[in-house]
Amino acid sequence: MANTKTDEKLQKIAKDLLESGEVSLVIGYAKGSNLQRMRPVFITKAEDAGKLSFNPHAVQDLAVFLKKPEVKKFGKIGIVVKGCDEKAVNALIQEYQISRDNIKIIGMECNGVIRQSLADKGETNLSESAVYDKCLICEEHIPVLYDFLIESEEPKLVLSGNVKPYSGIEKLESMSAEEKNAFWAKEFDKCIKCYACRQACPLCYCSRCIVEKNMPQWIDTNSEETGNAQWNLIRAYHLSGRCIGCGECERACPVNIPLMLINEKMAKDVYNMFGYKSGLDINAKPVFGVFSESDFNDFIK
Amino acid sequence: MENIYLPKLAEIKEIIQETADTKTIRLTIDGGSIDFLPGQFGEFSFIGEGESTFGFSSSPLRKEYFEFSFRSSGRATTGINSLNQGDKIAFRGPYGNYFDTSKMKGKDLVFVGGGIGMAPVKSIMEYCLDERDDYGKITILYGARSVGDLLYKGIFDEWKKYKNTEVIITVDPGGETPDWTGKVGFVPTVLEQLPLKGENSVAIVCGPPIMIKFALKSLEEKMGFDKSNIITTLENRMKCGLGKCGRCNVGSVYVCKDGPVFTAKELESLPNDF
Amino acid sequence: MEDKDVKKEEHKGRKHVEDSQGDPRIIAFVCNWCTYSGADLAGTSRMKYSDNVRVIKLPCTGRIDPLFIVEAFKKGAKGVLVSGCHPGDCHYTSGNYHSRRKYATFRDLLGYLGVDLDRVEFSWVSASEGNKWVSIINEFTDKIKSLPGKSTDIFTKK
Amino acid sequence: MEEKYFEISAENLKKFVDSIIADNFEVIAPTDKDGGTFYGKISRFEEANLDILLPKMSYKEYLLPKTETLLEYSFSGVDTEIKDGLEAVAGANEKRVIFGGRPCDAGAGPIMEKVFNWDYKDEFFNERFKNLTIVSIACEKPDNYCFCTEMQLSPESSYGSDILLKKAEGKYFAVVTSEKGLNLIEPYINLFKETAKAQVPADKDWKKLFEIERTKSFLDKNFEHNYFQDRFLSCIGCGVCTYTCPTCHCFDIQDEGNLKEGRRIRNWDSCQFGVFTLHTSGHNPRVTQGDRYRQRLMHKFKIYSEKFDKYLCVGCGRCSRNCPEDIDIKEVAKDLADMA
Amino acid sequence: MSRIGVFVCWCGSNIAGTVDVEKVREEAAKIPGVVSALDYKYMCSDPGQNSLRNIIKEKNLTGIVLAACSPHMHENTFRKAAAKEGLNPYFVEIANIREQVSWVHEDKERATAKAVDLMKMMVEKVKRDRPIEDVRVPLNKKALVIGGGIAGIQAALDIANGGVEVILVEKEPSIGGRMIQLDETFPTLDCSSCIMTPKMVEANQHPNIKLYTYSEVEDISGYIGNFKVKIKKKARSVVEKDCTGCGECWNACPMHKNVKSEFNVNLSERTAIYVPFPQAVPLVPVLDRSVCLHFKKGGKCQKCYDACGPKCINFDLQDEIIEETVGAIVASTGYDLMDTSMYGEYGYGKYKDVISGLQFERLLSASGPTEGLIKRPSDGKTPQTIVFVQCVGSRDPEKGVPYCSKVCCMYTAKHAKLFAHKVHGSQSYVFYIDIRSTSKGYEEFVRGTMEQDGAIYLRGRVSKIYEDEGKLIVKGADTLSGNQVEIAADMVVLATGVIPKKGSDKLAQMLGISYDKYGFFTESHPKLRPAESSTAGIFLAGMAQGPRDIPESVVSGSAAASKILGLFSKNEYEVEGTIANVNEATCVACFYCQRVCAYNAISKKEIKDRSGKLIKVVANVNPGLCTGCGACVNACFSKSIDVKGFMDDQIYAEIKALAV
């Protein structure tokens, strides 16, 4: 398939960065195993920059690779990011996992990415019903921080309002404890404890996950109702106030657990309680690194 | 139908504190040992905390007990570490292959152990000592980081009592104490200085990877040991011990079943995946 | 809670009543400086309260990890209480403030995942509030006992 | 048993399935739920989705549950009591039928059986496998990720199936390969019409994209190769490939319980995890994700076949379809074959 | 190998009356790892302790559980007993079956069951106890005092007199702080400079005190016993050691009448080269480069240099950074007065004769701009009527601060009194909200102002002040009579509230000590550790902590000094070993632990290989600062930090022991 203008700009930036030695690696997207799939690509030589491409099938959050030791070894890295993904870069900087000096951010203006499940069935058009819920509530079509910005050639998404993003949250909130319990018990029952949600998450960067700690074994290892619930709880808890909403956990989940219903709910509540949104400011203090004397206290007797 | 994962309960007959952080535990089942061969291993567990893999460190010919030596580090070993004499340990095994004594008979033997790697060496070594007449000269070289890290301190003299048996104990430079009368030097270095010849000899080497690497080199290149006469054991991570759980593959080898005992020659054909 | 709310009778004998929850186990995680001392004070004042509670002492609410709550439920507790120094009173200046954020979030999450929030209680009990400790324990125990026998927590096998 | 052949109308097939459900068989079939298609229990024939090529997950969990109790223990004072977990498995799957799976999934059972029986016999697996009845449907249109043909199977293979259904105009041909299969249809035999092998449409000539032997021969010679490190930089180690794979069978053994009682369980595990081979000492033979993906390739295409004379892969392509980073194992296997 | 001994105490009938102690003992004996279980009437008695010690020896115990009274009662007793037998004292755990069982429950069977549970929990905990060694930190026996007001000077003198070297750093050109600005002091009316100046001189001359005036602390790192301090000695442009303080230079300075005197709170002027006040210590002028013509006009003017006999003026002097290592620090940075511009209705700044209390002090002072005569700033006339307004800014959550500034009631009474003494026949009015005069002699003092000196006290707020025909009309309410009052005054004195010294929050951050929302430094414990900050080795004194008067400031300075002398009485600082510990292998350096640590105890540590190449960065706990609160454990996602004495696996085991 021919290069689009976007692709050309992207390739030029990557080529320049690599040629000038400003970075030794550019992480970007390339054409994938079929026309509706993109895949991550790791460009280390300027002459390979032609592989880079970007379109609404670029679903992956490439920031996930910044936590990989094999990738970290490259030192100075350029990375292609959509607005949502870029927030992960910011959060990683906030949490000292990467240094701003070592990263060149190639920001892509993005009007939405197409759900992979639909893309696999042939969907190629950006539409309200084709994109992920995160795209419908997106406030960062242009990344909040970038060194280069490439404007989108795609038309802006027209929202009719008929598709209600994350509507499951309100539905759940209105349920009784038992109904919620039944809902999640059914969802977690599917869990196979593959931890793909963790691996796909750019902010799950612990070198030893708490589930791998066995002295003590806080999280049951079994993949039955108890162990699954604990895992899903602790994953969500560790990401509360940190999750930037890229949705990679849910996309990676092979058994379709609606993890974003949890992540978004927690993001919403953390914002309501503490006025904090993750990944918007590299100089902001993470919500659980600070406190206020006037914090929400109603639930404490 | 037999559940291959079902352990037996063995009673702790004796606990020997070897160093500050290692112990040897002697077990009995129905007052005696079990049938195993030197080099084999078992899965030992403090029920409730999980299993841990250890090679036997006693001679199977000593029928009143079987033993293993371990260092407390993870959850399972910490559990085992908390047990007292008379308590029960769950045990599965023996598993794996073993030192083939038929190929050692009539030959001179060199046993080289480093640190806690001495445990499996002790098993085969004591086995040979128990049938001392079947073998030629026996040289035992054992070293650890420091005097405090030496296992089996109390029984070195026992080994020395056997005829035509030389016992050399060494500690790494800096690990000696003022009253230390043994050697000071790394195991491979001390090994090189020994008057050993590869011909009609078998060497059994076990210890940390770096020690094995240099010891093998010395034995092969300086002393002329044939690769098939140098035997060592691998210590891959294992869970089932039965060739099922898929953890201990090295190349096409399941260490738990095809090993853990390998000759240097066999090791050479394996990819660097251990 | 104001002192006047604490009924005198509660300090007197408290008979154990069996109910739909059997003998519900309540695990309380408390800080050493305020609540543990408050509970001691209830003892030295010979106040009487429900014997369903088991106290685990930590240095500070800052050390009381939400994981403990999960673990307590896993091990069959029907109610979990977390209690420490009042805001501003933390022996370690800010442990309770940091934890309060975490508890607010964690509790929220628990509720969302279907844990009956009546089963998780948080309180500030100072070293002088023996009577508050007593009423918190009694009220919490009563509440737990009044909850439907069917467990709604997600951490134990059904 | 010698194969037997039957014809069954589409309508009768529905009757057959509904009848076995009525007779208390647990029928597991691809069914639409949770925004995808998964194997699950159906309560009537219509709930089965027979058009889907492959459900997202394999039905491995019916042979090797994601968590299995190996034993239960209880303490009284210093005394320990151990209860054999095998007792609970006895007779498992006796009334369970996997219906509507594909030949690749069916092929996984006998392949896995080898490792569970090569010396020590894992009766947990055996008991489940022995009793499970598998009724598969031959594929008509494999997709781009499929490569069962390359993996010595085919879209119409009956290997591992007790009954293989082949679709024809308005009806199915049933190839019954085992007593188990025969026993299943026996009570409803009036719905079937026995026929001769010659009547069953012959298998199509499925073309291969590459020779798996060449992949193996590359792996035989190349343990250290840049390809592994470079190509799998994009692997995030999520393990989805192993968990959704019908033949991946690695597991972990863990104890969980309290001071009174507990159990020893085995859980699915994955060679893609960093801790999989991590020694207590901190040494890890497989440090990079490249090392770990190589292990998966080695195990599938080299190690297993050397030991058990079967590749540990049925070419279902799930690992490719489900990979969040779009690593396509077919493409990889072909790359390796091309480099050999 | 766990070899646990369980000892069940009857406490007479206190426990045994409600708990079946024998049953608890029997249950203990059944637990794996318990090798000895006993019950005894009074474990804390000498025979009780002796039997405990004997059994430790006899059974070679590795841990002890006492099922007895609260650990707050006798934990130490039993730890000491265990230590005497060579058992690590932290291997003693207490199951509280008195305060939290026998005294609060009645049903014997159920109380016993609970006691058994608590005992089991502690057995599981003690099994997982690791030996804890108390941490010893070497001490550099030298102290730093930041702020040379009365509190700082007192602290410095007390420490110095204790034989310890002190570095006293003062931002201003002279020490003396606020107190030296005051005239007479309540309630004794002794002259402030009469009692303050000798102290200042003593501090300057003390062989153990090194004084840095016109200096600021620029950076502090390290921890108790070993703080590395960088002090910036600002360029004075005068060579201190040569200066005689003769005054020729400031007399020669052409910048006369141009610069407002900070010391006189803008009521007078000073020159560019100046000493803030005649008794300044050291009596060495400072050249204010921001106004000096030499610096402003390209080096032409050097009148001061010409006038200086010893030629000690040096325009080229540069700021100097001095590095010191000290073992302890006193933060006594004092206070500022609130800006009262938010009270536009009072006309401060608009009407010259509406002045602050501190300005009034300067008017009263014999060394002040009026040489002690009370004169109106506007026209120099002696006022006959003065209205004093209290609580300007203080106790006003809307516009000012909610707290009480504590000193205003008393100094206003003093002002009214001195006004009456100095201007016969004058009249003062005092608007107040409440009168707070609780210290020794204070109430009598205020009464005297009212009764003997005729000040009229009106309870109420002033609503407006405006000028009318040369008079200040003060409108206010007298809430006691319910009348609106209007007073024509010659002068109005506002009792302005106090706030922390500007920049003290920055210093607090540098020191790693906490401060409240107003900026006052917070004490480690408001009642029990009022002289300590939250960070070990850093002590607090004076108004920097909150409003207080001179005697209290002196007491707090002495308190800080005595804490430091106490600390320095040993060669090493001993910290309880129950501190946090990082698992470096799994730490990912997200530093959430550092963010939540109230004690600045966590820093970054670089792990390098042999060739010096950075392998990884991890969190590192400073044992001198860590208090073992465990907030870091809670903050760590991967559980790579743990706190000794309350390790994760211990808590886990306790919960596990409670499984139903």
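Going in written order, the chains are labelled A, B, C, D and E, and every chain counts its residues from 1.
Keep this in mind: contacts are C-beta pairs under 8 Å (C-beta built on N, C-alpha and C of every residue); 3 or more make two chains touch, one makes a residue touch a chain.
This is a predicted model, so every value here is computed, not measured.
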Exercise for the section: Chains touching chain C and chain D alike, please list them. Expected result: A, E
Handout entry: Starting at chain A, fewest touch steps before arriving at chain D
Key = 1
Fill in the blank from the handout: So the chain most remote from chain A by C-alpha centre is B
Problem - Taking each chain's C-alpha mean as its centre, the one farthest from chain C - result: B
Problem - Which of A-B and C-E has more C-beta contact pairs - result: C-E
Problem - Inter-chain centre distance, chain D versus chain E - centres from mean C-alpha coordinates, in Å - result: 69
Completion exercise
Note: chain C sits from chain B at a C-alpha centroid distance in Å of 52
Handout entry: Distance from the mean Cα position of chain E to that of chain A, given in whole angstrom
Key = 46
Practice task
Could you put a whole-Å number on the gap between the CA centroids of chain B and chain D?
Solution key: 39
Exercise for the section: Please list all residues of chain D that touch 2 or more other chains. Expected result: 75, 78, 252, 254, 258-259
Problem - Multi-partner residues of chain C (at least 2 other chains) - result: 71, 75, 94, 98, 102
Exercise for the section: Check each residue of chain A and list the ones that touch at least two other chains. Expected result: 207-208, 214-215, 217-218, 220, 224, 288, 293
Completion exercise
Pairwise, the chains that touch are A-B, A-C, A-D, A-E, B-D, B-E, C-E, D-E
Completion exercise
Per the touch rule, the chain D residues reaching chain E in their complex are 75, 77-78, 258-260, 282
Exercise for the section: Show which residues of chain B lie in contact with chain E when the two form their complex. Expected result: 15, 81-84, 87
Handout entry: chain C-touching residues of chain A, taken from the complex the two chains share
Key = 172-173, 177-185, 188, 218, 220, 224-226, 229-230, 232-234, 236-237, 240-241, 262, 265-266, 269-270, 273-274, 287-288, 291-293, 295-297, 299-301
Practice task
Report the residues of chain E in contact with chain C in the complex, numbered from low to high.
Solution key: 70-72, 96, 98-101, 103-107, 110-111, 114, 117-118, 121, 514, 522, 524-525, 534, 578, 596, 598-599, 627-631, 633-635, 643, 645-646, 648, 651-652, 654-656, 658-660
Fill in the blank from the handout: Interface with chain D, chain B side, in the complex: residues 1-7, 9, 45, 47-51, 73-74, 77, 86-88, 90, 209, 235-237, 239-240, 242-247, 249-252, 254, 257, 271-274
